[in-house]
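In what follows, subunit A forms one complex with subunit B and a second complex with subunit C.
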Partner chain A sequence: MPNPAEEHSEEFFEDSEDDAPVKLTQLPLARIKRIMKTALGEDSSVKLINKESMFVVAQATELFIAAIAQETAKITHTNKKKTMTMQHLITTIKESENFAFLEGTMHSTNGRIR
Partner chain B sequence: MAENPGDLNLPVSVVSRIIADALPAGTTVSVETRKAIAKAASVFVLYATASAAAMAAKRNRKTTFASDVLEGIVEMEFSQFSGPLKKSLENYQQNVKKKPKPAKKSEDFDDTVASSSTPKSAKLKKSAPAAAVELVEISEESD
Partner chain C sequence: MWIGEGGFRAWHSLVHHCLFQSNSFSPGIMDSASENEELGATFLGETPHYLVTEDTEDSRDGEETDRSNVVLREQDRFLPIANVARLMKKSIPKTGKIAKDARECVQECVSEFVSFITSEASDRCHQEKRKTINGEDILFAMSSLGFDNYVDPLKQYLQKYREAMKGDKSLSMGEPYPISISNGEMTEEMLQEGQAQGTQSTSAADLEQEGVIFTYAPVSADPLSNNTEFTM
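Up next, the complex of A and B:
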């Protein structure tokens, strides 16, 4: 269990003295932090987010993006198409349990809704 | 690519790169779909946070820790992420240890949500995936 009192540097991919810089996340942590704070809400008993949890959320989100892209690619492939479209993504959301939490968030602009 | 303080979207350029890395070379993804996946990723962050907060609340804590996030991820039925996430976390912890500790007065933890001013566009709601989903309908079509 990490010691919450430990100081964590803001720069997750800058290393001034030691080895070559190691980039640990691709998604911008400031943005992740902002979204996370929005999620907590005013009436939440949980008010603070420690930096490690921000990092894990960022990492998990990257895994999520890869996962949903790969799932959707299967549908693109099944439909013998070369380009992944909104319709394929919408189908993934509808058919996959994992991504069911996204139902209702996507609309295709070609007129068809979900 | 105008960024406003209320922007809860993740940069499409970065999301696009992650998508491209995950797919075999030669797969094209329409711009609209990439934006949609970016939006989905924001919803995922909301959901993951709500889930982690629930774990912390269960233990009467006011702070979310990495362990809460990990537990929450499993609750969300993304347990396949657990292994890779634990490894990344270890890597991160080791990396952070290597760094010289800068003398700064900013706190370890983020500002309390209660004291910080609410972003103009975001409505603060109780944590629940359904409620979390609504939050992303705010800013559209921004890169």
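Up next, the complex of A and C:
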């Protein structure tokens, strides 16, 4: 499993050297929060999400996107294609234990896209 | 219900169209007539409330109808596709391209990932009888779910974040929110949440943990430097 975190982290810490305000994340925190809240469900006894955890999830998500893109790019390359397709993604998900939780998503995605 | 040629998005906008213009239904919106015939007949004949209910076999959508019979918009369920695509592009060769369906697929996978982590973190909170998910819970969840190679970099980011939030020496005077967070509205929301939570917490540490941001009056490194000289 490649570590996308290394390259990613260089960029992050580089920014913070400046005096300019640091942009903490590339992803909208409000949206992340909404998805997290949906996952918790209405009846959950755990109702609140503190700001820190949203930030960590945002960062983790960036790492996740980097990882899945990197892995899939290899498959695209192996197939001698220039364009990454959903089929390549499906292969990545099948072959990587880390992404096994996504196998269910693939089935419903077919319903959405097709 | 079979989703036709245009896919979920087309179906969704069709629903939207019909909800607000129920008398001016245009057959032109339909793509493949045969598959959508059943759908068309229903729109023309039935009462509007049919359109509001998510009637697909998509198991994920089931959880949305449970909450209220309102369809959660795509923008609520997913992160913006532009951000996702941009992050993907960073990790592939510059000459590489990403098909539209691949981008949309990753967009969905991302939401799945967030939900996955959140549920795991929430379980731990629940076990420990806590009501708020914090950063440590997320880190723990990452580790249990097989993403432990993310944990170290995440710990570093978290530390940077905490330093930034505390108001470092590099920050200007008197500014309550010196670090710009990409979504401005978040700050207020979280403050309110922190304040609501604040009534239950007693210590300052707890309050900060719950999301209330404290500002610190800027102090010079040497607290005695502004005072008059000491005479011995």
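Quick notes on this structure:
What we mean here is this: the second predicted complex is superposed on the first by the 87 of 114 C-alpha atoms of A that agree within 3 Å, B and C clash if a C-alpha of one lies under 4 Å from a C-alpha of the other, contacts with A are read in each partner's own complex, and residues count from 1 in each chain.
To be clear about the criterion, a contact is a pair of C-beta atoms (placed from the backbone, for glycine too) under 8 Å apart; a residue touches a chain by one contact, two chains touch by 3 or more.
For clarity, every value in this text was computed on a predicted model and none was experimentally measured.
Look at A:Ala30: by the touch rule set out above, it reaches subunit C but stays clear of subunit B. Once chain A of one complex is fitted onto chain A of the other, the partner contacts of A:Ile75 are absent, as it touches neither subunit B nor subunit C.
Of the residues of subunit A, those at positions 1, 4-6, 8-9, 12, 16, 19, 22, 24, 26-28, 31-36, 38-42, 44-57, 59-70, 72-73, 76, 82-86, 88-89, 93, 97-99, 101-102, 104-106, 109 touch subunit B in one of the two structures and subunit C in the other.
Remark: subunit A residues 1-2, 4-9, 11-12, 15-19, 22, 24, 26-28, 31-57, 59-70, 72-73, 76, 82-86, 88-89, 93, 97-99, 101-102, 104-106, 109 touch subunit B in the complex.
Subunit B contributes residues 7-11, 14-15, 17-19, 21-24, 26-30, 32-33, 36-37, 39-50, 52-53, 56-57, 61-70, 73, 76-78, 80-81, 84-85, 88-89, 91-93, 95-96, 98-102, 104, 108-114, 116, 118-119, 122, 124-127, 129, 132-133, 135-137 to its touches with subunit A in the complex.
Partner subunit C is touched in their complex by these residues of subunit A: 1, 3-6, 8-9, 12-13, 16, 19, 21-36, 38-42, 44-57, 59-70, 72-73, 76, 82-86, 88-89, 93, 97-99, 101-102, 104-106, 108-109, 111-114. Touching subunit A in their complex are the following residues of subunit C: 3, 7-9, 56-60, 63, 67, 72, 75-80, 83-84, 86-93, 95-99, 101-102, 104-106, 108-119, 121-122, 125-126, 130-135, 137-139, 142, 145-147, 149-150, 152-154, 156-158, 160-162, 164, 170, 178-183, 185-186, 189-190, 193-194, 197, 209-211.
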